[in-house]
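Okay, so subunit A shows up in both of these, paired with subunit B first and subunit C after.
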Partner chain A sequence: MNTKLSYDIIGLTLFAGVILFGVPALFSYDGFELNTFSRYLSLAIVSMALALSWGTTGLLNLGQAATFGMGSYAMAMHLKLKASGDGLPDFMGWNNVETLPLIWGPFQSLTFTLLAGLLIPAAVGGLIAIFMFRARIAGVFVAIITLAFLVAFQLLVIEQQGLTGGQNGLTGLAQLVLFGWKIDIYSVSFYYMVGGCLMAALIFGLYLTHSKFGLVLRAIREDAERTRYFGYNVANYQTVIFCISAGLAGWAGMLYALVLEFASPTYMSVSFSLAIVIWCAVGGRESVLAAAVGAILVNLAEGRLSDVFVEGWHMILGVMFLVVVMFMPRGIYGLLVDAGRALRRKPASTKEALPFDTPLNPKQES
Partner chain B sequence: MSQLQVRDLQVTFGGLRAVDGMDFDVAQGEILCLLGPNGAGKSTTLDLICGKTQPTGGSIRFQDTEISRMLEFQRARLGIGRKFQVPSVYKELTVAENLSVARSMKPGIWHALTHPAIRRSSKMQDILDLVGLQDKMGEPAGNLSHGETQWLEIAMLIAQDSRLILMDEPTAGMTIQETERTARIFRSLSANHTLIVVEHDMSFVRTVADRIIVMNQGSKLAEGTIQEIEANEAVKTAYLGH
Partner chain C sequence: MDVVFNQAFAGLSIASILLIIALGLAIIYGTMGVINLAHGEFVMLGAYATWALQTYAGLGVVTALPLVFVAVAAVGWIIEKVIVQRLYTRPLDTILATWGIGIILQQAVRLGVGADSRFVSGPHWLSGNIEIGALVMSNYRLFVIAFSIMVLGATWLLMTRTEFGMKLRAVIQNRGISECYGIEAKNVYSVTFAYGAGLAGIAGALITPLFSTIPTMGTGLVVDAFLVVIVGGLGSLMGTAAAALLIGEVTALFSIVINDTLGRIAVLAGIILLIRFRPRGLFPSDIRH
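Right after this comes the complex of A and B.
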């Protein structure tokens, strides 16, 4: 309701303040330090995208990394072509590919690349969604199907070496030139570009969750069957949010490929997909903002702790997830909401509930 | 002109004929009660009308449209609402949000994307006043008492504003006073809505029913007013076994 909206706006403002002013100031506007943070911010986008399908609608998409990977490959293909000049990308030569494959051609164009990185994942997500949700597949089966798709898609990318660079992925990329601006990923302005993308994604996500669309999605999460009897085409709602979520994941993938300067099949691995689920769960899957914060916090912790515990880090991540699942199933967000409620409860008087047989409407009764 | 026409309706579950050749009409604004022993096919008949179950034969026409092959949300859009036996409000949503979901005259995605989750309207306020939940608007429905949950469900049915409302044992678990109050609401509803009610409580049926259909083993045993039914020998046999 309105109070929820005002909390979200306050939360977003605080978050924007920290990300856009606090963090750069903390690292004294050092481009190299901020580059690490740009990586976290791009991962925050894919986490908030999962919050839309998982937290809001109750559809656990374990294939989120596949659509993320598509975005990163779209961007990497464009940059690889730019890096290769008039010739073929180097790895194609190693694989005896003599002419540029048909699907690579359009990625010469930046406009096409940006659209493809957003729309191809959305279309693929939508296609899977149509088949699943028309057939009324729900619950754990959504997780299984999306996971199976992820594994199959990763295999396909690795197998098609001549097209995708196989296990090595796409490396040796050019710098992106956007409207004549050659992007230096170790610059403060690049950090602001990624931060701006995250803020835009969050504002979009918050708009969705506060619209009637978001309300119907939450109704579907609780009781899809009941929602159908109100006349809502549940399958269409689920398909649309799956598309949106996949498109955002693709967008995040494009930024990620920029930050790391390569695209690799590891972006589409099962462990990466599960990591997204953990970020989302730690932050709080019910709120897009909390899911973004979760991604940043977990990755920040990983960045700091993995220096100390090189192999043991995954164990820490696993324990973190167990703790969240067992003791705070709604994540940090849930803790905050409960704390806020407990604080507000105290001054309020404990009003007696209205018994069922009290007069309906005093005016009518008299 | 009848609003709903059911002709030779049949459904078979693994060899069991749950509904076997039902024929009946319901007129606009009528309250029809379905009676019958357990397993007579009353709830299944409602399921067939609202689309929860697909019929294996026969036809259902609602306002001159054949609906027996439609999906449930398509039937809901035509104006068929359903209240289930177990209270089915959205426990995690607030009272106001529950009502907003129920107000589904425009169930399309584009409309949903371009409108806020909750719009305060005078109609919404009237409904909340009617059921006495105006102070609980921001409360999650899961925090409501049993009685308040029942009122919320009735409020949602009113908000949905279906032309035909199907109710499965609406007074189950209610006290006598609650049942009487519910009966009064039903009578006021029937000005603009047609109701088909499955009910066991005879005093409730006496108060609300315009017409009664008694079902037995999936088909219609008797049909008529309450007096006609109470005098019917076949009904007595079905209920008492003699």
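Right after this comes the complex of A and C.
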């Protein structure tokens, strides 16, 4: 076991301790308070998913919110059908839709919904990835294509009112019944379910980044051309990580729709998508754990500060983001790593001063 | 047929606005590779500056144009000096930093002026329409179209017939060697960024009589303008102009065949395909990067 892995395991254990024991105890197991926190945890999943594609592989995906939205709509469609009983969902009546549209049919089944919320985003992400990476599109063009896709997808969702509820989204949802357990979102057990999903996603993410697969991904981030010369099929690696990232985003979207009890096209807005990037950047784009922490911290700050500065909150967010991008591009994680290295270096002989992980040259990082 | 002509004119009108916004973006992106997501907010600042000049100083839209240009260019110059200049080595991060700047500018306007929409009346001497058969063209829109062509011409002259333009082209081709010849690349970058911002301000001033002025008005425009830049190809002014015309017309004419939203979606899809198959745009210049 190398040192970096052991640090990550220590970090994950601490994080799990805080999330699974510290936070519930802090709010004295009050379900209503914990509900707000489950929202942060579901957002942490989408932030860590972005860290896989952006921080690890160097592909800035500005369309993360599109796959997130797909997951949330999958879940909301299932719950809407349950809420409507045998009849049609109410908004379809307002839009003169007489029979249940074909793509709504399968969402009666919970199994299908759970699979669809994970696999449809993954498939869409995969298709976009194949489309881009086979042509060796890189750098800012990845950001532009994913952004254009996001804008087009959101327009489409708003436009298809009869299918998606248009601008209003899907509201008035039923409670989810999972294996006979009727989920009350204001309960402690719901919080643990979301927390469990986040932990599973983090363990999966850490496993990926510490495997040989993750090593190749980092190599691609540093120099895609050189990795290609080593005989790796760069496009395949990029496609797989895009798929995984999109699938995780879809999963987070499903949880988010559960927590908020509605799905809305604002989940797919450009500003939401860039907000995900902000969380990831603040926490530290290179580490999935740090990205998750970033999402929780920024949203926690937003929850607390937007009460105090109703109007000024966005200003604070903008300034914070600017400062992070300019002065600490590796986020809070980068500060911790640098601090740790500085501490280790003081009493050290040259042998100990050797960095344990490959130092990143911030100029090459993009 | 009348519908087609009127929509074609509407498309021309959209294209003229897009052209001014996209020219600023294209110059900034072509010169320093910075994707300026705050560009829409520069447009918004221009619109608010026009509103302020009309409300408090009684200036008309056209009289206010030079003042708005200078004011927004100054804001752009400061932002370049303080923030963007530090990020030239990290192109992806400029996307994020300029987005942050955009949030800050938007919020500053919301706090300072308020979130309600503001209205600016167009100039009186440009009210009324010219009618040719069933084709109705508003004088103001015709003025905007003519003005955008003037801006394009002025920018072309600036790039090709002035000493600054020569320095700029030198820096685009090879920054290091230009610096060896005594060109201050940093200053060239600052002035270019300021000029691009100023153009966005002009666009903002020109659209105030056509759209309502709200703090979020720039966000939608910047995506369109950026697509124009990508389609046009980097570093090519005429390409940008052709792309603005193309996207404006396609959007307008598509909206007859299908509806507005689907028209936009089709344009976006077309642009994604274009980036995939011709990543250097439809009209790439010969500049080596």
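A few notes on this one:
Methods note: the second predicted complex is superposed on the first by the 348 of 366 C-alpha atoms of A that agree within 3 Å, B and C clash if a C-alpha of one lies under 4 Å from a C-alpha of the other, contacts with A are read in each partner's own complex, and residues count from 1 in each chain.
The rule is short, and it goes like this: contacts are C-beta pairs under 8 Å (C-beta built on N, C-alpha and C of every residue); 3 or more make two chains touch, one makes a residue touch a chain.
Quantities reported herein were computed from a predicted structural model and do not represent experimental measurements.
With both structures placed on the common chain, the touch criterion links A:G139 to subunit C but leaves subunit B unconnected.
Using the contact criterion defined above for the overlaid structures, shared-chain residue A:R228 touches subunit B, although it does not reach subunit C.
In the superposition on chain A, A:V216 makes contact with subunit B only, not with subunit C. In the superposition on chain A, A:L156 makes contact with subunit C only, while subunit B stays out of contact range. Look at A:L274: by the touch rule set out above, it reaches subunit C but stays clear of subunit B. Of the two partner chains placed by superposition, A:R304 touches none, neither subunit B nor subunit C. Taken together, the two complexes place no residue of subunit A in contact with both subunit B and subunit C. Partner subunit B is touched in their complex by these residues of subunit A: 1, 3, 208, 210-216, 218-219, 222-223, 226-234, 236-237, 240, 351, 353-358, 360-361.
Subunit C makes touch with subunit A in their complex at residues 33, 35, 83, 86-87, 89-93, 95-97, 99-104, 106-108, 110-111, 219, 223, 226-227, 230, 259, 261-262, 264-265, 268-269, 271-272, 275-277, 279. Interface residues of subunit B, counted against subunit A in their complex, comprise 50, 71-73, 76-77, 81-82, 84, 88, 90-94, 96-97, 100-102, 104, 107, 109, 111-118, 129-133, 135, 137-138, 144-148, 150-151, 160, 174-175, 177-178, 181, 185. Here subunit A touches subunit C in the complex through residues 60, 62, 131-132, 135, 137, 139-141, 143-145, 147-149, 151-152, 155-156, 158-159, 270-271, 274, 277-278, 281, 311-312, 314-315, 317-319, 321-322, 325-326, 329, 362-363, 365-366, going by the rule given at the top.
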